[in-house]
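Read from first to last, the chains carry the letters A, B, C and D; within each, the first residue is number 1.
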Amino acid sequence: MARSLYKTRNMSKPSEPVTEPDYLKAYRIMLTSRIVEEKLANLYRAGMIKGGVFLGRGQEALSVSVGIHLHRGDIFAPLIRDQAGRLAFGDTVLDTLRTYLGSQLGSMRGRDGNIHRGRPREGYYAMISHLGAMIPAVAGGLLAKRLAGEQGFVGATCIGDGGTSTGAFHEGLNAAAVDGLPLVVVVANNQYAYSTPNSRQYACADLVDKAAGYGVAGHKADGTNLLDCLQTLRKAVSAARVGGGPQLVVANLLRLVGHGEHDDFSYLDKKLKQSPVGSDCLLLAEQHIIAQGWKNIGELAEWKRETEDEVNATADRVRREPTPDPEEDDWEALSRAEYREQHTAP
Amino acid sequence: MARSLYKTRNMSKPSEPVTEPDYLKAYRIMLTSRIVEEKLANLYRAGMIKGGVFLGRGQEALSVSVGIHLHRGDIFAPLIRDQAGRLAFGDTVLDTLRTYLGSQLGSMRGRDGNIHRGRPREGYYAMISHLGAMIPAVAGGLLAKRLAGEQGFVGATCIGDGGTSTGAFHEGLNAAAVDGLPLVVVVANNQYAYSTPNSRQYACADLVDKAAGYGVAGHKADGTNLLDCLQTLRKAVSAARVGGGPQLVVANLLRLVGHGEHDDFSYLDKKLKQSPVGSDCLLLAEQHIIAQGWKNIGELAEWKRETEDEVNATADRVRREPTPDPEEDDWEALSRAEYREQHTAP
Amino acid sequence: MITYLEAIRLAQQKALATDPRVFLYGQDIGTFGGAFKATKNLSKEFPGRVIDAPISEDAIVGMAIGAAIEGARPIVEMQFADFSTCALNQIVNHAATLYYRTGVPCPIVVRLPSGGTSGGGPFHSQSMEAVYAHWPGLVVVTPATVEDAYSMLLEAVTIDDPVVFCEHKFLYYHLKADSLPETSLPIGKARIARQGRDATVVTHGAMLHESLAAARELAEDGFELEIVDLRSVKPLDTDTVLASVARTGRLLCVSEEWPWGGVTSEVIARVSSEGFGLLDVAPMRVNAKDTPVPYHPDLWSVHRPTASTIAAAARRLLQI
Amino acid sequence: MITYLEAIRLAQQKALATDPRVFLYGQDIGTFGGAFKATKNLSKEFPGRVIDAPISEDAIVGMAIGAAIEGARPIVEMQFADFSTCALNQIVNHAATLYYRTGVPCPIVVRLPSGGTSGGGPFHSQSMEAVYAHWPGLVVVTPATVEDAYSMLLEAVTIDDPVVFCEHKFLYYHLKADSLPETSLPIGKARIARQGRDATVVTHGAMLHESLAAARELAEDGFELEIVDLRSVKPLDTDTVLASVARTGRLLCVSEEWPWGGVTSEVIARVSSEGFGLLDVAPMRVNAKDTPVPYHPDLWSVHRPTASTIAAAARRLLQI
């Protein structure tokens, strides 16, 4: 029988309620994310981005809720559809565009692109493509922080329904559970993995049923509902922060675009689109703000305009930036100069 | 949400009760397994076996219950401690000894050894060392049988508490669940993975809690109790056979020997040994047989003697058999002669 | 006109149609037809035999192995060759050892959409042929033409041993042929893709076409490169390579994968040790740079060998 | 007398004692002290810093990577090198690409108990150095002596890049030294393990000792083999190899791993292309046979190179 130190998974301390400013802040980030992504889609169609564009439309409420509850000293390893969470954690529109447009000034300097960007030194890990791989990495970062005597930190990472089928997901979550690490794993169940529907991805009734099998707390959220996402993530992140061990959050929602901008989403089941899971979280959040009387339509339209202007201006600026120069690149995979070698025709 | 065809996991058809002949048959196989393994331990200590010896002492009740419920046309991929299950499935004392002693006449011809033996053509898969790897292999065998239009077959494989931490376990069980394959995965939770106690291996309350997360039926058995193991496996195997999809069986017991014969088991927690989980299933089965009046002590002693004689005679015979001759070996890793090449010094 | 990709689709179609043991397993290959559409319409044409898999590369190959043991002939699609690192254990330790250990062969085909394309980046561009060739027990093929993509895939399905089928994504759409071949060289035989007298270029996959372009460039200066398309890197047809070097006396090996222990290194090692006397000058190699494959097209096009870097190397080899 | 294995233990002890960032992670390495006892007593001496892991190789390396990003210096033990196939994705795609992609180096050490021993069989005997050397972004070392096992492991911990530490199980118990070195050659430099004038043997790991034995045998006939112990296979010290071949004119490469794309192939390719003029005769290689490593001792001892097969090859090289 498991005798983990971190057995009590349901920490009682209630988390702070979500206030109007919290909600509005999250909404603005969602809005920015949506507008940046629309810009990316346009740039893609205009042939200005080489390589793929993978958008998070429909997933902003969940994603922002992850990033917004993390702060300096925490770790965040976003995944494919986490533009909103990235911005909430401190990534910028500028670096987003630099990376997609291949500016030499971007954090990845043209060596890697799009969703693979990050700044590991700032707790913002740069995902590799292989799904699941970031889970143990975040767990390890947390272990190192614990060994170094730090306190009160958490780490979060996101994954899709499809990513839960990887061995890496399983090994990483299990290892984190054994050591009771403050890891929050957020599953965006957007009903598809590329074209593959849930029915060909897993057979459990609900992905949150996996939590008990790892001995971690399980949380469900309505991924189309910003308030529910904020509340659930607040609860999960604070439970992890105070020693509750890993937390598995599962949110249902629908990806509102194709897998990537090359994908026409022909496999979408129309019934899903019409069901509650197919709602657009950004629209619902707007409606909520207006219904609450926090802002009126005009004010929201103004925010939108402002953000579009900022994004467009940034894109124009980035397009004038230098692209990476192969002559300047040192073409070295190792940090230590002595270990470098090139053995191609001399 | 998952919409698997094979959603109803609890098949109602009650399985046949375990009769006296069933029990005695299983007991005799357990006894043979125990005696063969004692012989192997002796041969190991005498330096007659090169390489490792890994015994299943204490796990015979569970293991035999797996093998005994399978028949021709089924698939069985035993693991490290399944000498009893192997014999129940049709492996012989002769081939066991041939493999351990490195006879050229053994099924592995000296190319592989000990627990890695099998006869894949007969549904008896030959494990590779990498834990978890046999689970998808059995699932794939079952898929192929289904595609070929076969019916009424099952596949079973065993794994330890430690093996449940592998990505292969997760991916294999999940993929089998998605296709509702008639796969029985039997977890022998023997409290340790080599020296690692359960507390460092997983954090769930019970490994059977994993079943819900895969959407498969979960079963618990008392691994020290032959009747319970027979009944549980009968139920699980027949549920799989009639279309109930994958079945996860978890039995608690204690490995009564070191990890391998080289291991002095110094890490054993004495309290576990004294707890019910530490009982010897073979002794308990003997007591049960006597208490039921099925056999008396003398008859059981006679069985034991007979089996020892058979095992000793077989070992003597095998020791006189030729060992593999490197000159005769074709040293080829591929079946097709045209694709073979050796590029070492000519 | 039939593209390289369509040839792969048609080979799978034919295999499904002619051999009831064949089935396909991989991510998004069913109704969707695969990330690259290499299985387009096949699930409709062959119901139940083109099966969508979860994101579980290790299980995908593991299942193929079990199916092969039971007599099936699975063709597995990895979405990208790069993700086969997650299936490596099953490929090299299970499929590749089965025959040696048990005498039972393991007829699976693992399709790896391989190699670099513009904007692919570090995780969608890798060439894994040298890795799989290192382990014993696998046949590793690298078709470079539409015809070979078709005939080698069909042949691969008939082989009792596990075949790693490295199809090159760079060739998918733009490489075209008028028709499909009736006959072809068997797997294990290299092909002289261009005859020449001055130097032998040994290559495979997308680099065949860069090498041919380099040869055209040098031909303008009056130098004739002979180009050997390996077709399969394991087995590696040393005889054909040696025979060509015997004619030309010079060897340039060109490969898209990383240099250390790659195909260029194996070919040079074999020619040097088995055909030392045939070489008039030192053999040379051109490989990708020894870094991850960069994302930005401007970096990528310098990272990999191209017609012009190959031509430059050939000029040095010819001392011109 | 200090064994090779004890040197590894002592190096880890010293690293733990002198650098608070160091911790160890792996299966059974805590109280139990590891399958081979390479961490014996260390969990007692350094409480909380020698951590038992579940059977999750991929997660083990993944966690080490995250820990390294946060400033730790993890040393990971694979129970056997063979099981690192289950961690390959994290090693080659995450650790090895981190610096190139993000500019943040990944200082992890992955210890691989490598190579064959009698009765080890196909899954407890593999040498993986050539596989890891193929991917860019890793330092791959193969200590062949007690002194190197100690000093290279200590040095590996100080390196900011990921190091794959291939320690050879065959040497664990029987290789002994009087004392531990104070100074040593840096990683990346090969060592002339024996001086000779007639031929150069390039080797590493356990094969160093088989090669030295072969050299003693040939010395009885009056031939002197020079033996280069590579020490690290990536970076590979081509200069030292070339300098030796310049002296002897003959090259024999000996490696325990499989031939295709192995260390022998890379060394021969480099010497042939960069030092062609130094070679008087064709270079040669001796490798394990291209099959899985057999279990039976009688097969195993023929599968791997030994002093006598090396001596025989050397005689052919020397045309005696």
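In this text, contacts are C-beta pairs under 8 Å (C-beta built on N, C-alpha and C of every residue); 3 or more make two chains touch, one makes a residue touch a chain.
The structure presented is a predicted model; accordingly, all values stated were derived computationally and were not measured.
Trainee: Compare the CA centroid of chain C with every other chain's and tell me the farthest one.
Mentor: B
Trainee: Distance between chain A and chain D based on Cα centroids, please, to the nearest Å.
Mentor: 40
Trainee: Based only on mean CA positions, could you tell me how far chain C sits from chain D in angstrom?
Mentor: Going by mean C-alpha positions, chain C sits 30 Å from chain D.
Trainee: Can you give the whole-Å distance between the Cα centres of chain B and chain D?
Mentor: Inter-chain centre distance comes to 36 Å.
Trainee: Mind pulling the chain A residues that touch 2 or more other chains?
Mentor: 108, 111-112, 116, 128-130, 165-168, 171, 174-175, 178, 200-202, 332-333, 341, 343, 345 - these are the residues of chain A that touch more than one other chain.
Trainee: Provide the list of chain C residues touching at least two other chains, using ranges where the numbers run on.
Mentor: In chain C, 53-54, 56, 58, 82, 85-86, 89, 93, 96-97, 100-101, 122-123, 136-137, 234, 236, 260, 273-274, 284-285, 289-292 touch at least two other chains.
Trainee: Name the shape of the chain contact graph, picking from line, ring, star, complete and other.
Mentor: The chain contacts form a complete graph, every chain touching every other.
Trainee: Of all residues in chain C, which touch chain B in the complex?
Mentor: Chain C reaches chain B through residues 21, 23, 48-49, 51, 53-54, 56-72, 74, 89-90, 93-94, 96-105, 136-137, 139, 159-161, 186-188, 234-236, 238, 270, 273-274.
Trainee: In their complex, what parts of chain A are in touch with chain D?
Mentor: Listed in rising order, the residues of chain A that touch chain D are 75, 107-109, 111-112, 116, 118-121, 125-126, 128-130, 133, 135-145, 147-148, 167-168, 171-172, 174-175, 178-179, 332-336, 338-341, 343, 345-346.
Trainee: Under the touch definition given earlier, write down the residues of chain D that touch chain C in their complex.
Mentor: Touch residues, chain D against chain C: 82, 85-86, 88-89, 92-93, 96-97, 100-101, 122-123, 130-131, 133-137, 234, 236, 257-258, 260-266, 268-269, 271-277, 279, 281-285, 289-292.
Trainee: In their complex, what parts of chain C are in touch with chain A?
Mentor: Chain C residues touching chain A: 27-28, 30-32, 35, 52-56, 58, 82-83, 85-86, 118-124, 252, 259-260, 284-292, 294-299, 301-303, 305, 313, 316.
Trainee: What does chain A use to touch chain B in their complex?
Mentor: Listed in rising order, the residues of chain A that touch chain B are 1-4, 6-7, 165-171, 174-175, 177-178, 180, 197-206, 209-216, 245.
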